[in-house]
Amino acid sequence: MEDLRKLEEFQAKIDAEIKIEPKDWMPEDYKKHLQRQISQHAHSEVIGMQPEGNWISRAPSLRAKVVLLAKIQDEAGHGQYLYSAAETLGKSRDEFIEELQSGKAKYSSIFNYPTLTWADMGAVGWLVDGAAIVNQVSLQRTSYGPYSRAMVRICKEESFHQRQGYEIMATMANGTPEQKAMAQDALNRFWWPSIMMFGPHDSDSPNTGNAVKWKIKRETNDELRQKFIDKTVQQAEVIGLTIPDPDLKWNEDRGHYDFGEMDWDEFWRVVKGNGPCNKQRLNHHKKAHNDGAWVREAAIAYAEKQKEKQLVA
Amino acid sequence: MTTNEALINYCLRLGDSSLILGQRMSEWCSNGPILEEDIAMTNVALDLIGQSRTMLTYAGKLEGKGRTEDDLAYKREEREFYNTLLSERPNGHFGDTVARNFLHSAFFYHLFQALKSSEDEMIAAHAAKSIKEVTYHLRHSSEWLVRLGDGTEESHNKIQESLNDLWEFTGDLFEMNEVDEILIKEGIAVDLAEVKKEWDKTINQVIERATLTKPEECYMQSGRLNAMHSEYLGHLIAEMQFLQRAYPEAQW
Amino acid sequence: MTTNEALINYCLRLGDSSLILGQRMSEWCSNGPILEEDIAMTNVALDLIGQSRTMLTYAGKLEGKGRTEDDLAYKREEREFYNTLLSERPNGHFGDTVARNFLHSAFFYHLFQALKSSEDEMIAAHAAKSIKEVTYHLRHSSEWLVRLGDGTEESHNKIQESLNDLWEFTGDLFEMNEVDEILIKEGIAVDLAEVKKEWDKTINQVIERATLTKPEECYMQSGRLNAMHSEYLGHLIAEMQFLQRAYPEAQW
Amino acid sequence: MEDLRKLEEFQAKIDAEIKIEPKDWMPEDYKKHLQRQISQHAHSEVIGMQPEGNWISRAPSLRAKVVLLAKIQDEAGHGQYLYSAAETLGKSRDEFIEELQSGKAKYSSIFNYPTLTWADMGAVGWLVDGAAIVNQVSLQRTSYGPYSRAMVRICKEESFHQRQGYEIMATMANGTPEQKAMAQDALNRFWWPSIMMFGPHDSDSPNTGNAVKWKIKRETNDELRQKFIDKTVQQAEVIGLTIPDPDLKWNEDRGHYDFGEMDWDEFWRVVKGNGPCNKQRLNHHKKAHNDGAWVREAAIAYAEKQKEKQLVA
């Protein structure tokens, strides 16, 4: 059979670490999986602008404001290339946005938690970007060319963000008692959601099979989570903050930190739309999109007029 | 008034206008009509806040009392801000923002073109550096003015109304007082009447290209020279300064 | 936790909820759909701020560190406010405000009815005094709920949506922890599960009269007990506290 | 002629200090004058809520917040009875509001100045309510019954407001250097607009003739202005603030303060719509009115349904 032959060729390329490109043949499931994953990744960048955007107007120094603005701008840029990468798979950005707004497509659940103090700008950078980066570094070697290249570009900026977030936490942890309390509080609130960003345990993660075979995913959820925790625990110690997990301790045998049980009920609840800010985030996105409808229409009308003029001329 | 005092005030005018307009632009974050505009508007905000840092730092240095950019941004009162009235206008809808930025960028563009040859090295360097940024701001807002003006009937009417509403705040951009007089003599500042001529040309040209009508002459509001403001600024400042005011001892 | 500590926290819960809801209501000033509503909503705001003053003053006294009502209102941080999640929801349109106030007033009404016989004299007196005000708030918001529910198709749909949107924040009103446990034992606080039964009756009755549908059971957000909030509260606080934060030395 | 006889009877009542009531005959010009004046007065109360409303959310103490809220509530109440008084002359509140929104009807020009600091809450109470009160005390004896009775009621509350405003000024004038500076600045900004609230000089005030003959107006603009100035100058001295008028000085012969020339260009400019906040105030009013349209419609629809039900029952 034609298709079977194609599938074999496809798998051979994957096994030989040759990137799959948009014009190449690919199994329908591979395409669907990537559409879902890349667009979800793009949506996360875009929705992620909101919790950080919440603090731009109140940034406590001009330097802090500039750093935060630049970070959010980078995220919008990431959203842009990720939508472009996703579009190479034959769906338009408008379609992806519709899926987001209808709730069909998800985005990273972490953005359904509110940012309550300036220390949250530190926690988001340090933990959320930190977790994202561990995942993204691994995805630089993903099998789909456009996604892999987007990841290479994103990783460079993201590690910068993570450092900036950690700096905010460090400054506050070494600041006034109020600042230190805010930093610890931010860590308390963001720790568990951050380590759940890697998704369910491998044993509960049914989609992993093909994704690993097709090298979309290069490492498992639990492997990535462990990497992140090992790295982050030490960073917390350096600045004198306490990870809110009484079960956390170094396991000499494993060469890794052991850690406590995550609250998967909470995880699934937030994924399903019942986090503290799910509605707020989607409503915000819809409102901005609707408010901008007349602007997009005008831009299209103008572009069409210009095209006509050129044809006549 | 000494030349130094005049120059401090001049720096605050420039720095405050950039700061307040930058703060306004940053309010757009995640609210743009398309993702590309989120990026573009954040870019404008970044440039403007950057400009304000240079000018406020310089003002603090000239003053010689050890005040930093943050002291000046976060610890002055409303009646000590010398920003243009235009810069503090609320964002409104996208067209309101486009019209405001267009009018203001055209002002900064021609002002900085003129200030490039200021006798004050810092001012000259600031103008030379900012001109690149402001050229982009002017191009970006002009392009949108044209798209909206020559887009749909709805967008045409909206942007025309935005222009009309903002017009009364454009006179303020060009008002001058003793500060200008002193600094013009020293070759530091420039005659804003000259800047206005260039501004008028740019404005007329783009408005025409946008198939819009230049707003009718009307009474022009004053404010900038006397740190007089609309009620909108106080709310912006309360939010902007909150953390510095609440934790005066803290470093961030 | 001592009884005194529990009682301080209890007073903050009551006082903060009144304060934040009162601040929200005062935002309506000059924005009402008719002049009579400007008056009515200002009235509600006045009552609520008044209630918060009593409870915050009492909390300060119990604490014994000399903190006044203003110290507590103006110099605490967001994560030290124990108001209900419902009280901090933004005003939205008039229907959103009506629905929020309806749900919240019914809570206060039945809570204060129960607290009238608190063993703590101040709490009992506060409840007795506030019940009159809250009766009016409940009547006022119920009447509007009915008018909007049984008004036009547009108003029916709008107010139904408002109710649905706010529903997930109503569970928070009735959550209890150690504070309640300690104070219930002392006869100071009341069992919120009992209050909820009464609340349910009132809610059901008015919703039916308004030809509306009670929102479906859903996951209920928590916050109040741990001073956990939405992103909306921080902005409200920044504005509310600005002057006290900016001029810590000043008397007003 | 019938009308002439009525006019004579009308004037005789006026001269005998008998109030004119809604059902009484009155000359068309008397009615028009009152419609204009009372509705303008009502609009002023309503628009006046905005500059003070601007500071409720930022009131610097809970007590200050309550006092300000109560004051604004009183103003809304005054608007309400003044509209009712005006409605006795045969025009509806809706019509009056339409005249306000179309710019046909005016409101007191003082509300077209912005309130920029908390001291402005003092200045508005002390000066603006202070000026209003001088006028209103005089209007308690106005010839039209409903207007006169509304004024009696309003005057009681207004003098309370004036005292509260003065208290704010006194506290700030005796406060920190920043507070004192704010208080002086507020006085500087509100002084001239306040004394122009009484309107043009008598010599430039063409409408006064009939209004005085009909005892709508009991004292002239200049008389009222002088009263206000005489009273206020001393109050400023007590709290150590300086009236921003170099020409101000006590005139032993007149037994009054002499004062400098007012800027009538500014006055007329603001009346004509070019003050700093004219557009803002009207747009705010229109927006609130438009946003509330669906609510008013619902209330009417509900009331009609109830009426039908009662008829059926």
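As written, the chains take the letters A, B, C and D, and residue 1 is the first residue of each chain.
As a working rule, contacts are C-beta pairs under 8 Å (C-beta built on N, C-alpha and C of every residue); 3 or more make two chains touch, one makes a residue touch a chain.
Remember, it's a predicted structure, so these values are computed and weren't measured experimentally.
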If a chain touches chain B and chain C alike, it appears here: A, D
Of A-C and C-D, whichever chain pair has more C-beta contact pairs: C-D
Centroid spacing, where centroids are CA-atom means, of chain A and chain D in whole angstrom: 58
CA centroid of chain A to CA centroid of chain B, Å: 35
Junction residues of chain B - those touching two or more other chains: 77, 238-239, 242
Chain D: positions in contact with at least two other chains: 58, 178
Contact graph of the chains (line, ring, star, complete, other): other
Pairs of chains satisfying the touch condition: A-B, A-C, B-C, B-D, C-D
Parts of chain D lying in touch with chain B, wherever the complex brings them together: 51, 54, 58, 114-117, 178, 182, 185, 269, 274, 276-277, 279-280
Residue ranges of chain B touching chain A (in the complex, touch as defined): 19, 23, 26-27, 29-39, 42-43, 45-46, 49-50, 52-53, 56, 69-70, 73-74, 93-95, 146-148, 150-152, 154-155, 158, 236, 239-240, 242-244, 247, 249-252
List of chain C residues in touch with chain A within their complex: 77-79, 165, 168, 218-219, 221, 223, 228-231, 234, 238
Partner chain B, residues of chain C touching it in the complex: 77, 235, 238-239, 241-242, 245-246, 248
Contact footprint of chain C on chain D as seen in their complex: 46, 49-50, 53, 56-66, 69-70, 72-73, 76-77, 79-80, 83, 118, 168, 171-172, 175-176, 178-179, 284-285, 288-289, 291-299, 301-302, 305
